[in-house]
Amino acid sequence: MKSAILEVKSVTKAFGGLLAVDDVTFTMFEGEILGLIGPNGAGKTTLFNVINGVYKPTKGHIVFAGQDITGLPPYEVVNKGLSRTHQIVKPLNEMTVIENVVVGACFGSENLGLEPARRVANEVLEFIGLDKYKDELAGKLNIALKKRLEVARALAANPKLLLLDEVLAGLNPTEVGKMLDVINKIRDRGISILMIEHIMQAIMSLSNRIVVLNFGRKLAEGTPDEVANDPQVIEAYLGDPEMAKRILEEEEA
Amino acid sequence: MKALKSPFFWLILALTALFAFYPRLGNNITLRETLVLSAVYIILASNLNLMIGYTGYVNFGSIVFFGLGGYFTLWLVGAHGWNVYAAVLFAGFITSLLAMALGFGILRLRGAYFALATIGVNEAVKDFVSNFDTWGGSEGIFLPFTTYKAMGGAGKALWTVYLLIILVMGISLLLSWYVKRSKFGLGLFAIREDEDAAIVLGVKAPKYKALIYSLSAFLPAVAGGLYFFKNGSVVPEEAFNLHLSIESIVMVMLGGQGTVSGPAVGAFLYERLRGLLLTTPSLSNFHLVIAGVLLLLIILFAPGGLMGWLYKKWPRIREVLE
Amino acid sequence: MVEILSSVMDGLLIGLVYGLAAIGLTLIFGVMDVVNLAHGAIIALGMFFLYLFFGAGLHPYLALLPVAVLGFIFGVIVYQIAVRKIISGPPLMSLLATFAVSMIIIGVGTALWSTSPYNINFKVTTYNFFGYTVTSARLVSAVAAVLVTFGLYYFLYRTVLGKAVRAVANNREAAELMGIPSQQILAITFGIGTMLAMLSGALIATLFPFTILSGGVYELKSFVASVLGGLGNPTGALFGGIILGLIEGSVAPFIQVSWTNVIEFVIFVGILLFFPTGLFGGRK
Amino acid sequence: MSAVLELTGVETGYGEVQVLWGVSMQVEQGKMTTLVGANGAGKTTTMRAIMGVVHPWKGTVRFQGQDVTNLSAHDKAQLGLVLVPEGRQLFSDMTIEENLAMGAYSKRARQSLDANLKKVYQFFPRLEERKKQKAGTLSGGEQQMLAVGRGLMADPLVLMIDELSLGLAPVLAQGLFATLKQLKDAGMTIFLVEQNVYLALALSDYAYVLAEGRVKIEGPSHEVAHNDEVREAYLGI
Amino acid sequence: GLTVSKTGKFNVESVNQLNGIKLWQKWVNDQGGIAAGGKHYKVELKFYDDESKAQRVQQLYSRLISQDKVDFLISPYSSGLTAKAAIISEQYGKIMVATGAASDSIFKLGYENVFQVYTPASRYLTSTVDMIKAADPSLKKIAVVYEDSKFAKAVATAARDYAKKLGLDVAIFEGYPPSTTDFGPLINKIKASGAGALIGGGHYSDGATFARQLYEQKAPLKMIALLVAPASDEFAQLGDAALGVAAPSQWEPLVKYTQSCGPSPQQFTEMYEKAYGKEPAYRAAGGFAAGLILQKAIMDAGSVDAAKVRAALDNLDITIFFGKIKFSTDPASHGLQLGHEMVQIQWQKKDGKLVKEIVWPLAAKTAKLIYPIH
């Protein structure tokens, strides 16, 4: 086994009386893609916010690449090589696509100057397939492109670990396919990925392992197959993924 | 130097030179007094734009820097016999430092809360100074006429001060221009667009904000020192005149916030407009109304400010001017 | 002791009026994100409207009614002319637009009434409670401020129209999609905000002399009060006003009066540092 | 069969950029119609043009036979044409309860407020549990429930939903589709934009495929679902 | 040339002053202009609105000097604005007659071309203290409450020092901000202090407000003397609140001075009433006086040459309808007014109507001081 890149140790986050994340512990290893799933409101995004320092955990610790980063502000966390995307995209609207990515590169783990950052940004945009839009204002992009922009910015920071929060949501199947390629390529660059996703085919095929949250607590952890066949997970989260196929087949019959 | 290749850099230099020498040619005092007011407004608007236009923080009380600069300068010159050059520089630095300290506090506030807190700061300082006897309390500080005599007579002193103010104006424009093209500026723009996103992208927002707040205090403080030195006196109402703060915002918006040249253009036009209305006898009774109506028309029909409108119309201009 | 109590009572009474002035501002801000720089001018206009009706022979308190109606209409007109077009434009444009309105009001006001002071000369009774002297005018204006505030609170939180106002405040497009005529609501809100500002101006005019420039001071107090209470929060604004008044009243006996403003503003900034959205929570 | 909602030759866009190029569609009374297409094809823009949030430059929108092209969004909502917009657009500073109440703002909806509220709470028990929570602090999926619930409160004749299952857990998405089917069976007309193409086509009656601002293919959903060209080019199935 | 605050906070005072100046212009020109050195100079006036704002003053005075080429300057209203204008006038060696500016300190900055018409602040309220002391030798405690502005503070400080010298106990010495409208806290303090008389004030609006609230709050004072406000006719609008309030005034229509040149007080008053339909306030008189002084100096100098006129002004020692005029020639306080004296007025009821009466100095009085007022 490779060494741990991220350790989440008994993390709890409370909003008033609500335990959005409740004593969650897991470890992810270098080079791994770890899926994080769970019903809506299970606390996935909140956990991301705790990991990258947007929120301070009420209890518990976050260890990244051997360093305790609990309570560090987000900009310090990025500098250490941990980037993320937002579930609800946050483009810098009045800036162009390339400027958005340059921001990511400039203030990322390498702390680049403007010129080198611009080179990195160009490279990342090409890698992600956004180079055509590079001079558009970010606010004008459609959802699919904005999601890619989120990934591009995070990637430009040259992270060791990337947190992806529902980057596939709202994409049509073609776009989903393209994004999956991108994610695979990112992994091939040796970047570890922790991703939240509700699109099952995607997360099942990508992840090495999956952690399931429910009501803030860890419900299950294991390989995609193990998780998909866990009756608790099916009940709380998966339902019947084959439903659509069935209906269509029924109609034909 | 890459800067030397930019047409805008040269444009700023040329403009500054024009301001500096134009009135000299005819030894035209009225023109000088008019231009000095324009220049001061340009300085205020340009530096305010660093906050409003670049960082997205609306500083309602920006005039506090101007006033403090004036007070520090006149106090050092009047009570401690410093020469005016040293005094304005010192005033600039100390005001910047104060702004920095203050900035770490109030820049945690967002949106309108920040804007209104800056009003609070300005008013608190004004009322404090009004009670602060070392600075003459509500009577303010008056410079003895001999100070000017030491600079070769009032006439010469005022010319010197004029040139210095123009210099500060030029530096203000260069600063705006330089910040906009720097990494620092990029971070500020990111904060303006979405501070939370910027932080997550690695921008050290608290530090950046405090820095720009402090930077935006420096030149206005120097200008305040020079301006009140020229006036020969400084009193709280004039130094911390909230109305001028708000007018500065108007100038920034009028010209186009976030652009380099917009605030300067806005300031210049605003001052000329008000000045013209005031000195035209047939209009002077209605100057406020006319200025108000004109302003409203501009806002309604050119909402991006004048430069915004120009850039939209002729995008090529933007390449030259930014 | 009596002196201190008197001061505090006076502070409370005047604080209520500050609160009323602030509510108009906070309402307009809360609903449409407009920092209304014409607020002060409108307050002053309220003073002069009262003066006109008073001059026409109406009792000042009776004249509050037509002032309110005029205020509402005036607000709607200002909205339609100056604000409507820019309200969905870039943020802060409204600053400019309302500043222009302010210039126009003050310009016209100066032409009509110059900048010399006026006052409403009517019979006020003075009451004495155990050494504390208070005029009927102060009592009436304080009570009116409370009534108007609670009326507004009821309107905003209990009536459908009021909730619609808040909905528009939150998300204009969504409100439209739910069948709420957002432009109309915005105009009404601006009208109400203006009406409240004018009413507070009118009440102040029964207490103190005024000029067309008098609004400035109350505009400033309104800003402070509404921020203390949390922007967009009307009851908060009233409490903000009371806090201001109480600060003024309770520090006065112990220090030079000219220091009260320093203390007021320092407390204001201080509170903001600990409660970044005001004491009672407001819009971000 | 009568078309309750009908678009003819609608063209529109943002600023100078045209997005829709002569879109014509018909939504049949009592049916579920789906609009699918690649990202950026103009689905959301179509919905917004129907509501009048963006104004059609050309073409007409008819609702129940009446030309409503130039009515404002709130007028259309009053008529019973209701859109659950993309990105939820909740009243974030108001509570769940208040959001739902605002859904029932229109005159026709106010009468059946209580009954509708009960129905919504039945579909989404989570909303009732949290009814005093501010909408802005809900999780993504909870917000989506609230957005749909608020739309239902408006007692729509035609319910348009932009991206129904966006960000919903699979089990919940399935549940929502089931809910929609119930509503349709109860007589409501539904017009859906959906990226979960499989499920949408499975459940709906009729489908339009939009590409680059033009209707490329239309037909009964199961035919569209089995059209190989569609599958490859637009749906990526 | 001059600037006038047609708008802004000084507009009432300033326009009044302008009226006086305009009247003087008409008066001189009707006589064929200023006769000096065998020539007759017609007086031409050039003025701009300074909006009561300091930023504008220097700009506009430079314009007057270099563009409009005026020969002599008259100051704007208020000490603050005058100080700004003085730098410009000084720089170009233009003579500026300062009216409406009562500050002492401007004249201690070393200016050579600025001459003051008004009695300076340091002597404003001192005679009021004399008056109170004379009316009630047993009075021990007084309150001094003033507007926190340059002028009023200087006046109040001088009055306090003077009162202390006379053995009075100054129970309260406090300033209030110029924009104050609510005097409640101060009045509570005055009540608590046990002071028997109040002197202070600042400008018109604050003074009128202060007087009215003192009345409404039933402040137990035997004497109230305020700067500026009670000296205006508008003060009568306060009704009963005005009754008994006293004020120092630079000038009143009823004063009896024997002029050595120019019109007599009565003649001036009549002229003014004919031109503007109301009684002249002292600011208007000050405006006229400024013109008259300039005229006299030009006549004495026999030329409009600045240096000669300056010398003539230095030597001036005359009495006009406005009172005695003599300027300090001490380099440390050059131009300071030494000759002119204040009169004290008090609002009294005569035939049921409120009128201003001159009550001090005793020699000039038109009525007896009412004391105590309540």
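First chain written, first letter: the chains are A, B, C, D and E, and each begins at residue 1.
Please note the rule applied: contacts are C-beta pairs under 8 Å (C-beta built on N, C-alpha and C of every residue); 3 or more make two chains touch, one makes a residue touch a chain.
Since the model is a prediction, treat every value here as computed from it, not as a measurement.
Participant: Which chains make contact with chain B and with chain D at once?
Facilitator: A, C
Participant: Comparing the two chain pairs, does B-C have more C-beta contacts than A-B, or is it the other way round?
Facilitator: B-C
Participant: Return the chain whose centre of C-alpha atoms lies at maximal distance from the corresponding centre of chain D.
Facilitator: Farthest by centroid: E.
Participant: If you average the CA atoms of chain A and of chain E, how far apart do the two points sit, in angstrom?
Facilitator: Inter-chain centre distance comes to 76 Å.
Participant: Based only on mean CA positions, could you tell me how far chain B sits from chain C in angstrom?
Facilitator: So the centre of chain B lies 31 Å away from the centre of chain C.
Participant: Between chain C and chain D, what is the separation of their C-alpha centroids in Å?
Facilitator: Averaging C-alpha atoms per chain gives centres 42 Å apart.
Participant: What whole-Å value do you get for the distance between chain C and chain E if each is reduced to the mean of its CA atoms?
Facilitator: Their C-alpha centroids are separated by 37 Å.
Participant: Counting only residues that touch at least 2 other chains, which ones in chain D make the list?
Facilitator: Answer for chain D, listing residues that touch two or more other chains: there are none.
Participant: Would you please write down the residue numbers of chain E that are in contact with two or more other chains?
Facilitator: 7, 148, 175, 177
Participant: List, in ascending order, every residue of chain C touching at least 2 other chains.
Facilitator: Expected reply: 110, 256, 258, 261.
Participant: Write out all the pairs of touching chains, ordered by chain label.
Facilitator: Those chain pairs which touch are A-B, A-D, B-C, B-E, C-D, C-E.
Participant: Mind pulling up the chain D residues that touch chain C in the complex?
Facilitator: Per the touch definition, chain D meets chain C at residues 51, 53, 72-75, 77-78, 82-83, 85, 89-94, 98, 101-103, 105-106, 109-110, 150, 154.
Participant: Quick check on the complex: what are the chain A residues that touch chain B?
Facilitator: 52, 54, 73-75, 78-79, 84, 86, 90-95, 99, 102-104, 106-108, 113-114, 117, 153, 157
Participant: Within the complex, which stretch of chain C touches chain D?
Facilitator: Touching chain D from chain C are residues 160, 163-164, 166-167, 169-171, 173-182, 283.
Participant: Which stretch or stretches of chain B touch chain E in the complex?
Facilitator: Chain B residues touching chain E: 28-30, 32-34, 36-37, 127, 130-131, 137-140, 142-146, 148, 153-155, 158, 230-233, 235, 237-238, 244, 275, 278-279, 284-285, 287-288.
Participant: If you look only at chain C, which of its residues touch chain E in the complex?
Facilitator: Listed in rising order, the residues of chain C that touch chain E are 2-3, 6-7, 10-11, 14, 110, 114-117, 119, 121, 124, 126, 128, 133, 135, 204, 207-211, 213-214, 216-217, 248-249, 252-253, 256-258, 260-261.
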